[in-house]
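Here come two complexes built around chain A, the first alongside chain B, the second alongside chain C.
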Partner chain A sequence: MTTSAFSIVHFEFLCWAALWTIGLSAIALVGGSLLGFVIALARISSNKSLRWASSLYIQLVQGTPLLVLLFLLYYGIAVFVGPTIPSIVAAGAGLTIYASGFLAEIWRGCIEAVPKSQWEAAECLALRRSQRMVHVILPQALRIATPPTVGFVVQVVKNTSLASVIGFIELAQAGKLINNSIFEPFTVFVVVAAIYFGICFPLSAWSRTLERTLNVADR
Partner chain B sequence: MSYRFDFLALLPYWREFLWGVLLTLQISATATVSGFIIGTICAIARADGSPFIKRLVATYVEVIRNTPLLVQVFIAYFGIATLGVHVSANVAASIALTVNVGAYTCEIVRAGLQSIHRSQMEAAECLALSRTQIYWHVVIRPAIERVYPSLTSQYVLLMLASSITSQISAAELTAAANRIQSVTFRSFETYIAVGFIYLVLSFVVRAAFALFGQTVFTRRRKLGTAL
Partner chain C sequence: MSPIVKLTDVHKYFGTYKVLEGVTFEVPRGGVAAIIGQSGSGKSTALRCINALEAIQGGTIDVCGHAIQDPELNRRALRCDVGMVFQSYNLFPHLTVEQNIMLAPTCVKLMRKPQARDLAHQVLAQVGLAEKAEHYPEQLSGGQQQRVAIARSLAMKPKLMLFDEVTSALDPQLTGEVLKVMEELARGGMTMILVTHEMAFARKVASQVIYMHKGTVWETGSGTMLDSPRTAELRSFVNNGL
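Take a look at the complex of A and B:
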């Protein structure tokens, strides 16, 4: 048996896997922001039980590791719907729940960071609650929310690596597969880390630029 | 749809759960303490070091913060082995988590250092405090006091993230769960139980940090408010 060294073929495979990482991040972000937005609104709703339930949800998601959530979905749900569920479904659902729990809390903070006078002014203009949200509060909250949201995208991209534990072939899992065949762990995982860095660093830098240009803190 | 929950099936394995909890706490406590020290030193170096040191620390922080912990754990575990030094999975896990949390601590403490106003240091200089005294009493302690809540959240996240080290067979809580579910075939119950244990742990760790903060930062206790 011959073991070959790390070659361009392996690199190509890693690049394909990186596309799955990006795809899975996109699924998690779309699902997570839809769900997270609803939960953020529930968190500041006037209904007490709604506030309580959304707060419980956030506590649950933020207080348990994503890894355990993924195992729970992958092995646990399979008990109900058949022998196994496709790993992309479990991974997509797990990361969506994870992203929604954190985004909800980030966005709640951003909505509440809109100055109190804006809420009061909207009320004085006899806007309904929904009108006040849509026309006055949310456009301003969006501005505040952009930098931390882009920052959180980096967390999501990094955490898609955990989907590898349930057999989803993304960047980290592709690295493991290559390592199993050529056994050069150090080279392989450094290359894998470099690709993650190539995806995440521009996002981090962008988040910092946004923070400066939108200049939220000094208003 | 006729699944019957049987949490009692897990009862005989309480000892393994307990060991998992202890090891999770041990690994995260090690990483928290050493990561805090490394992170604080890096933050000071980044604020006052030579240009080369500043660049070096900035690179360390960026590289760690923009790559997944899972990959870092693999590099630590296999990388150290490639160097010819044999370390156990638990040690490799602690090292990886330390390096990881050190970078995050550095960013947080740096924000704290930046929040200390220049006039504070000038005032301290006027009072003829030595450089070490200024650093300790006027810069570092108040800075850490200010960012203490952020540090707490970061260390709770670290405790949860330590579950990732189960992937290199560090024998912590998640690894214990993986083993138990493969013996009992009660995967659903096992992961629900473990999720609940992590939830309790995160509350306990948060409470411990709050208590620790109360005893260390007495000024906050007297004022009753954050600074």
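Take a look at the complex of A and C:
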């Protein structure tokens, strides 16, 4: 073996890059949750144009590859605002939009999965629409929403790898950089894959546990 | 005595299907009206129209001074006057019994929590479940859940209570404990309209029995009307029920 074999230094670099993967996922999830929640509410609003606009947004986001969205934000926007925007901003914004489009639809389904009779009972107690939502519907929708939401987090973590195409150094991009210098693709990418797995597996295991313990099908 | 509920020539369609075809009846203050009839006779729909859960296409309904057919109807004011209990209880599963009852008084009447809690215990005692305040609905039997649902409505101090087949999901023993609570309410002077299959209860407790058939009030009278029906339809309905 040569001195440029895969070493602890490379592994440290990958771990550091994995923190960016986690950080980018966190940005996408916080931003995507806030935006997605508002859009989910708009989707079930009594206002027709709000419903229409939010539905269009979801269709656009779900019908566009994340990769294209990232290119558009990174290169496309730069045409109008001058020098390129930082890749973390473009990647954060792109993943936020992506997550919001999917979370909105997941959560709309969860809110609508609360039986109509619960709305009716709350209505018969003279609660206004917002009170019905906050005190009766959302707490029950939350239980239903937890397993699929955690499941979706796994998708977000894996899709942060696409941010590498706009020069953001996260786990996948770091693997590529190391491989460019030492050319041991098998070793490098097995380690990269293992780190992704180490982040995602606990999440999907947790999602399955939640599905069992929350036992939503019975409610 | 002036009526607390008055339906006049009420028509209701689901698409082209006529559910109610000119329903007219009234219930005086303190009256107990039992609506009976086959499935599909429109009795539950009539009850839901009284609480503005269904829109009507013709006629008028006056409930405690609220004109239900009015597009400007203040639904929240209506629901403060009218309590409703359903066949499937519809308790809020994520809240304890006490929280289920406290929700509307604190949200709608802006009652403070300690007062609302006292009120909850008071209405729970009324339905014989004072010791279940801290339980969650799923920890209770069907009969107990239904009594909590009644207590939850009572906490809003309604002028009128609507019961939509509230014992249909219960076995005979649990039915008995719910009917007992309802009988006590009736004796206490509560105005009630109930859609029911419990003929014995209708005969004993109701001041007025309304037999609905094909979307109209086919025959109406006191509880004893069930012993000597005037129409062939009611006669066959009563005989099948025995």
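Note that the second predicted complex is superposed on the first by the 216 of 219 C-alpha atoms of A that agree within 3 Å, B and C clash if a C-alpha of one lies under 4 Å from a C-alpha of the other, contacts with A are read in each partner's own complex, and residues count from 1 in each chain.
Here is the rule we go by: a contact is a pair of C-beta atoms (placed from the backbone, for glycine too) under 8 Å apart; a residue touches a chain by one contact, two chains touch by 3 or more.
In this text, all values refer to a predicted model and were calculated from it rather than measured experimentally.
Q: Evaluate whether chain B and chain C can sit on chain A together after superposition, giving fit or clash.
A: Fit - chain B and chain C, as placed by superposing on chain A, sit side by side.
Q: Between chain B (first) and chain C (second), which, if any, makes contact with A:R143: first, second, both or neither?
A: second
Q: So in the superposed three-chain picture, is A:L72 touching just chain B, just chain C, both, or none of them (first/second/both/neither)?
A: The first partner, chain B, only.
Q: Is A:K48 touching the first partner chain B, the second partner chain C, both, or neither of them?
A: neither
Q: Taking the superposition as given, does A:K116 touch the first partner, chain B, the second, chain C, both, or neither?
A: Neither chain B nor chain C is touched by A:K116.
Q: Which angle, in steps of 10°, is spanned at chain A by chain B and chain C when each chain is reduced to its C-alpha centre?
A: 100
Q: Chain B or chain C: which reaches more residues on chain A?
A: Chain A has more residues touched by B than by the other partner.
Q: Using only CA atoms and the superposition described at the top, report the least gap between chain B and chain C in Å.
A: Nearest C-alpha pair, chain B versus chain C: 21 Å apart.
Q: In their complex, what parts of chain A are in touch with chain B?
A: By the definition above, chain A touches chain B via 59-60, 62-69, 71-72, 75-76, 78-80, 154, 158-159, 161-162, 164-165, 172, 175-176, 179, 185-186, 189-190, 192-193, 196-197, 200-201, 204.
Q: Taking the touch rule as given, give the residues of chain A at its contact with chain C in the complex, in rising order.
A: 117-118, 120-128, 131, 135-136, 139-140, 143, 219
Q: So in the complex, which bits of chain C are touching chain A?
A: 51, 53, 75-77, 79-80, 82-84, 86, 88, 90-94, 103-104, 107-108, 152-153, 156
Q: Using the touch definition from the top, list the residues of chain B that touch chain A in their complex.
A: Residues 1, 3, 62-63, 65-72, 74-75, 78-79, 81-82, 160-161, 163-164, 166-167, 174, 177-178, 181, 187-188, 191-192, 194-195, 198-199, 202-203 of chain B touch chain A in their complex.
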